[in-house]
Structures are given as C-alpha cells and as structure tokens.
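Order of writing sets the chain letters: A, B, C and D. Residues in each chain are counted from 1.
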C-alpha cells in the first residue's frame, strides 16, 4: 500500500466537513506532523490557532456513512525537546471546598523531553527534585467528521472521537470510528509525551510530533461509539459528562460489540462482563469526559466470529 | 502477636457503635468466617439477614478517634463451592434507553467454584459454553464504625469504608480506615470469589469465606478517606455519587497523603499526579460509588518520610 | 385531640432508633422548640452539639413499618432576633474554575430578624445597603428513624427525610414520611427564617424557633420517598446526588403516587406529567441533594380516589 | 423600525455559520413561521429534516463577537390544530430499575389543539378521560451561531443557546445570547404548544407556528451564557450535563451579571442570592440539560446601573 508524506499547512479546531487536505485510498499509510495543543510546531513557532488544532482532514476513498474507519497508530514521535503542562490540578477533579485553598497558577510549566533517553524532567525547582519520568507518547485528539452536519470543537469529544485524551491511544493501537460523512474525513493532533489517567492537570506534556498511521475502511460495519484494540484488549470508548454517563455509553457499546462480532447474546455477555470487565479513565477534564470499557482478548478468542 | 480464632454468632447490616463481638490488642491477628451477601453460610444455611451482613465488630484496644486502623488482608478463602451472581447487568450502568430492551431477570444465577483448580463456571446453559474463569477472592464490604453516631447501611460506603466492592481489596493488601469511635469497631464480610471492575452486574460471585487479617493502630495519623497499599501501589478511596465526586474525593485525599507522608507540597504533588496517576473503578452499583486513585510506589520511594 | 407542650433536653445529630423523648397518640399535636443548626437556643446559648441537632424523637403510638407518618406544620416561629448565614456561596454550586477566584470567608454573618415587621437585615456593611428581606420560616431538617437499623446523620437526607433544606416545608404544609421503625420516631429542627432555592450559601438564616405540628398515622399506606402537599400542589421529594438522581427518585415516586391514589396507570400519568409537571430545587449543598416534583391539585381532583 | 415578513425555504439542524437567510438591521422585527421538531409544517407536510429544523439564520447588521443579541419574543402562535408528544416518560428521568418495568411505546401520540379555546386534548383513550389542558406556547430551540467555528446540533444546547426546551421562553420574554459570529446568525424553531418543566417526556406538544420577534444588538456587552428577563424576573441559563453542572453555570453567570449591571460585588451578590434565588428546570432530556437561575426584579431595581 502507498505511503503518503503529508505536510500540513491548514489546521482546524473543529471536526466537521471541512475541505479535504489529502485524499487517500483504503489501506493507505500517512506520515505527517502535528502541532501541539497551543498551535506550536517543532520549532515552537505558532503555526495554528490555540485549542488542539488538527492536521487533516484526510478523505478516505470509499468511506461512507454507516461504515467504520480503522486507524492503526504506527508511530507517535515527539519532534522537539520542549513540552508544556499546566500548573496544578484542574479545579473539577478536586473536592470543591479544597479548590478554595489548593495552590494554582495560570500559564504553563516547561518540561525538558530527552528523546534519546525517553524521559521528561520539569524545568523548574520543586520538591520533586530532579525526578525523571519515562515518556509514553499518545494521541490526545483524533477522529472523524461529526454527524448531522455538525462541526464539533476539538476541545471536546463525542461519537466521532475528538478530544478524548486517553493515554491508551499509543503506538500499536488500532482505533475504530463510526463514519458520518463521505470520505470519513479523519483528523489527528494534540500529542502528549506523557499523561496520567484522566488528564487531571488539564494537560499532558503537550508537544508537537511526527505521526504515522494507516487508514482502512470497514464497509457496512456500524458502531455507535469509538472502539479500539491493543495487544491484549478490545475496548469501547464512551464520551459524555458526567463520568457515569460516559461509563454507560462504553458499557452499552461493549454489549453491542459482543453481540455483533462474538455471537454472545446480551445476557451471556452480561455474565462475562460482570466478572472480568475493566475500566480506564480517559479524561475527566474536557467538556465531555472519556471512559474506556475493556475486555481481555484471551477470553474472547473462542467466541470471535469470521 | 496472638491470633484469635473467632466464630461469629451475630451479624450486623449497619456499621455503627454496635457492641463489640471481640476485643483484640493492637497488632493482633484474627481468623474468622464471613457469610455471603445474602446471609448464607458455608452450608448455604441462612445464618444472617440479607444485605451484606457483617462479622464483627472487632474492638481494637487503643484505637481512638483521630487514629487510623491498618487492616492487612492475609487470607480470603471461599469455604464452599457454590456462589451466586445476578442475571444481566445493573440498569444504572447502561444507557437508559437501552435498559428498556436489555434482557434481565430477577433471582440469582448459580456458579460452581472449584477451589482446587481455582476456577468458576456458570451452572446454566448460555452462549458462553463451558467457559471457566480464574477466581480472585476479594472483600466487598469492610470498614469501621461511622462518624457522628451514625450507623451506616452495609449496602453503601462512605468515609468509614463499607460496601466499596473494589476488587483490589484482595490478599496481600493493607487497607487504612480513619477511626471515628473508641476501639475503631472493625467489620468485615461480603466476599466475592470473582468480580470485574465496577461490580456492574450488581454482584460478584457472592460466597461465604474464611478470612485472616491483622489489625494495627496508627496513633495520631488521621485521614479523611480510606487508603490502601499493595505490592506496587499506594491508593486512596473516594466513595460518593456520581463517579465524578468519588474521583474528586480520592484525588484530593491523594494530594493530602503526598503532603503528609512524602513531603510533597500540593503543587509538586500536582505535577507528579498529572503525569502518572492511575484510577480504578471500585463500584458503580451501590448507593455510593467507589473510585480508586493510585500512584506507583517505585516513583515515591525517594520522597517517603520516616 | 390533645396538645403536648414539650421542652427538649436532649438533641440528636443522627436519625435512628434513639430513645423516645415523648410518646404521643395518633392525631396529637405537639408544641416544642428547636435550636439552630449550630446548637444555639433562643438565648444564643449552646444547648446542643453543632450540625442540625434535632428535637425528639417523638414516638407515635400505632405507627409501624409500612405505614406513613403525616406531619402537618402548623406553626414555625423564630424565637429570637439574631440569625446566621455563611459568607459567600458554597463551592459546589459554582463553576469549579470560578471557585478559585470567588471571594469567600469562614465564620458566620449575623442577620437582624425583626419578628414584628417580619423582615431580616444583614448586620454588616455591604453593597446591599440597608436591604430588608421578608422572612419566610421553614423547617430545614425533619423526618423519621431511618430504615435497616441505620442512624443517618442530620447533615444529609434519604428516604426517611432528614436535612432536605427545602423552603417549601413552611407553615400550612403536610409532609408524609415512610415509617421504618415502631412508633416512627419523628425528629424536627434546623429552622431557617429565610432561604432561597437550593440553600446555595450552605445555610439559610439559621435560627431557633417554636414549632407546632400534628402527627397522624396512615396505616398500611407505604411510600418510597417523602411526599407532601400544600394549598395548591401535591409533591414528592427525591434525595440523592447528583441532582439528576434526586429528580429521578422524585419523578418515579410521583408516577407511583398517581397510580396508588389517583387511579392513573403509568402511561396516563406520563402524558399528564410531561405537560404540567413542575420541579423545585430543595437543596444542592448537603451530601445528598433534594429535588421536588409537583403537580397542581386542581388538575388532579377529578381523579382522586376515596 | 421595519418589520420583515419572511417565508423560510431552507432549514438547518445545526447552529453554525450557515449562509444568512435574511439580513436585518439592529432593532428590526421579523414575522416568520417555524416547522415542528419533526419537520412538519402547518399542513403536516414534511418541509424539513427531522430533529428541530431551524428557520433562519437571520444576520443582524452590526452584531459582532463580544456583543449580545437581545431577542424579544412578541408572538408564538401555533398555526395548526394537531400536535404530537412521545408516549411515556423519557428513560433518563426515572429510577433506572423502574425503567425496566415502566410502560413505553415508540411512535407519537396525537393531540388536538383548539386554538380558539386555547386548550389541548389527547386524541386517544386513556385514564385521563377528556381532560383539557390550557396551552402555553413556547420556543423549544433558538439561539445564535456557536463559537469557534462550531456547528452544534439542534438536538442540544450550549453557550449559544440551542435546544434548551425551557417553557419560560414564551411571549413577552426577552432572551440575550452572546454573539460569536459576525451578524450573530439567529435561528428559531421547535415550538411547543405546551410543556411541563424538564421536558420529561422528551417532547412537549410539538407543533408548527407563526412567530414574531425583534432583534437588538447590545454593543460591547459580553456574557458567557444565555440570559433573559420577563415581567418579574431576570434569569440566567446554564446548559450542561449533569444538572448539577448546568446549575453551576447558571449560578456563576448570575453572580457575574449582578457585578456587571447592578454594582454588587460577588460577596454582596452571594448574601442576596443565598436567600432569594429561585431555580427552574428547563430540560432534563436533551444531550445537555438546562437549568434556570432567577432573581426577582423588584429586589434588584434599587441596584440597577445606568
């Protein structure tokens, strides 16, 4: 399959039916770059507006509403050695009364990212001393054009994907998005060199990157919410507030998936999920939160259809 | 330290200042039995009222309000080979509209628990076939007498612990509870042979068990919420609805803990937590939900005081 | 029916099966006093512990689990001219980011309550100037002993009533509580001279009072949640967090009530409620929130059974 | 000021920077028609796609980002005598377990709307008999183009207004929307002949209508959320899930408004709001819920600036 090397010149802060930046065939691979959440590129130049500006959209030939777009993340490589986080934790992840007294400052903290040694260190004196944290690059925001002629802000997320800020969207993972517009119109950006569960500071280490991914169209395969898989798990993604509702979406979508692809009726699926399901908190900061519902592949192999 | 072999005769369905069942010294170990969530004992006889009847309370000499009670779970061993789960998933973990069509039935499903081979199998024909799941026994409900002369139902959970239904409360774990009453008054019960994250069926495999634990008093060490540690993590426990608020409690408690015992001011703690925190969903079924906030010990060792 | 003049000497901060302060017959009237939320009496003396100390419990002869206790509030009259509110709004009713900058101070603000002219004025210089607000006395916390041998803190509320802080609990209103313990064990206290919807400051004008009420037992009439009626409306009360769940409880309880007492099947009840239901926010400050679901009596008269 | 008679030919189901349907001057009045939520016009013909298709957008000369658009609703008059509601209550307003047993059917119930007598009656045999309910026409969905190049679905609501389904948006009310795009781009539609608080059936009596409104630009007057006023109240509108967050937005916006236009610092505003604030539930059905925060004008007149 061909590989496209694409250099973005326009960036979008909403995910709708914007003009295609590049047309690719089903199965093609794309190598391109992303700016950081603030629009800063590899040279720390302001290349795009703030607020998770996206590279794309990529029009995938043959993708139509009712299909699924499979996106395999092959490489997510920061392309500079400076990243940024917020100072302090987001107000909405703390007890409201504690917010009154919890220290916090505006602006950004700078982190030194050593791409050889794969570690990050805070460029500021704190009680953490010279602590180095191993980096684990991930995609904060990606997905397709939203449904119903919407153009949804890249601050938030919904059925089409978007700003899910789930640290499990890392190299080796395949994400599945329901297609709502002709060509799917795939967008990608907002790489984090490192982020904990929930994006509880309101940021990861925000950084620009080079990314490589392959786009495939699953014809006639419909889903209600994003899905994904990694080496060991299949997972569904619920995007909503509060977290309870995100969990309801992800859980319901997993029941549907087990019925569609694994031949498990909802009652059988329930027995299994009740005993082995796992959840991960994607983000609890963005306008809509993200909850992940996971099942281990080793238990499901015997049921997989086709 | 002495080990007490205790045979319960009375069970409680609320956690308050009920009369002590046994008085033990700081550091003592207790070996006792628990009935299942429905009050059924090792012989499937109804030994207690339904609704998570508790063994205890155990009065720990020297424990006083303002202290912390450390409970190390040394053994959690089912003592019968029949367990029960609900049929289908709980209504509150699914999209409300899907609840209208999702199959469900009242009553209980029986599971065969093979204690030699450490696996459980559903005693009913389903699309799962003869699937066997490895068991992983855990404590569903435990904790101390509640604050302010309350007696809190063992259906729910709060600052004192209670029905947290977190599958991480397994052998080898130490839980820490704030003490609100003289002697702490420790209760334990509601063992599950196996349960997924969130207790999304409204049950695990409910079973009676033999348990062994050691009780220690940490004088003058106060906490707001339950805490715990296992081989690799320290963790805090938030109990509330919705899940967002449980997460706020757990996160805030972790900031406090890092300040108390690790010498990290809240801003330094925030930088660290934002990048490496992990969450687990304890339960999303009980009147109050449970969210776990975790940090890896390997990153914290260098900061640990005393 | 007899009227009891009762002078309290003991106050409780949880609502469970505490010893009866007075036994009364079905239909009796009680005149007694309440201290304020901080335990201060008519002379501003500390007569009880802080935290909504309750007068009672009143044991009503003949009341048994499965019955309903009807409480008609005949008089709620502050008995001193000093009341207290918090400074500023509660953190949990504001946008979390705004909490970081919103002014706030600990301690209490004093209000002058003129019982002749029925107005209250802040005893402090502010931009409000000499604004006088008409008082509207209400009961913040009342109800019966909780279910399942619980003793529930008077900081919060549940099926048994408790700290609902709904300003609609004023003179002339009848409240209905499900009975969980023999004698019902009725508690009352926490009068506010004035409070807006939601108790969004975390307090009303907290004050001590003289109260008169009549207690009647409705044999065999079971409810799941508190109910009430005033001149123009019947209403149900949901107590839970988040507000969405409180609303679900209140709405479901109203469907049940229309079926029980008005002969409306749930579908017919739904058509009506969808078009004429009204809601009021009781409190959005306490550990559990309170939502009121109301229907106008004039529309229901034609359906009322018996 | 001129009055425009406008006949729509195109309808939109998202609120973004779609091409202007009509350009009007600041202060102009528009008389036009709206189709119902299902796209049915005065003759029950399908004139537009389902899902709250909007008449407009109206480009208001002089309106620019940072301004406020004032919309006075002068007339909302159904133009046919057939309306539709859903059957039964929405699943998300009921206790989840009750949803399993609550009756419900798909499709729509027909209502006869008598425009002379101003009443509506269900065209179906139910236990309600021949009950007639007085109609009270309102706007379900209206507002301006969303911020940040978004096009937001008319199923939901946000800072720009949208599908708020608040029955207080009736004749005589003025609504204020923050302007995000040049010309504001005002949309209107989704009239309900009658609806209770919360739109708990998921619909009001959905109907087509003739509407008249006047559009004024308040230059340089910025708001974060929609605001409004009627004869007796000023009010703010919070749109979010859960209801708690909608309430936080509305409450915070009211504090800001009192500071901007009434000279009340946030602490003074807090004292007042804590004692006299009122809330109304707009909708608890749409993807984002709507909560209204109200203050009586009679108390505010003395503080009003300018």
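Here is the rule we go by: contacts are C-beta pairs under 8 Å (C-beta built on N, C-alpha and C of every residue); 3 or more make two chains touch, one makes a residue touch a chain.
Worth saying up front: this structure is predicted, and the values here are computed from it rather than measured.
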(request) Superimpose the Cα atoms of chain C on the matching ones in chain D and note the rotation angle, 0 to 180, in steps of 5 degrees. (result) 180
(request) Take the average of all CA coordinates in chain A, do the same for chain B, and state the distance between these two points in whole angstrom. (result) 32
(message) Can you list every residue of chain B that touches 2 or more other chains, as numbers and ranges?
(response) 92, 94, 96, 104, 241-242
(request) Make each chain a node and each touching pair an edge, then name the shape: line, ring, star, complete, other. (result) complete
(request) Could you pull out which chain D residues touch chain C in their complex? (result) 85-89, 92-96, 98, 102-104, 109, 120, 122, 126-129, 131, 133, 194-201, 203-205, 241-244, 247-249, 251-252, 255, 263-268, 270-281, 284, 289, 299, 302-303
(request) Using the touch rule from the top, collect the residues of chain D that touch chain A in their complex. (result) 12-14, 16, 51, 147-153, 155, 240-242, 245
(request) Would you mind writing out the residues of chain C in touch with chain A in their complex? (result) 90-92, 94, 96-97, 99-100, 104, 242
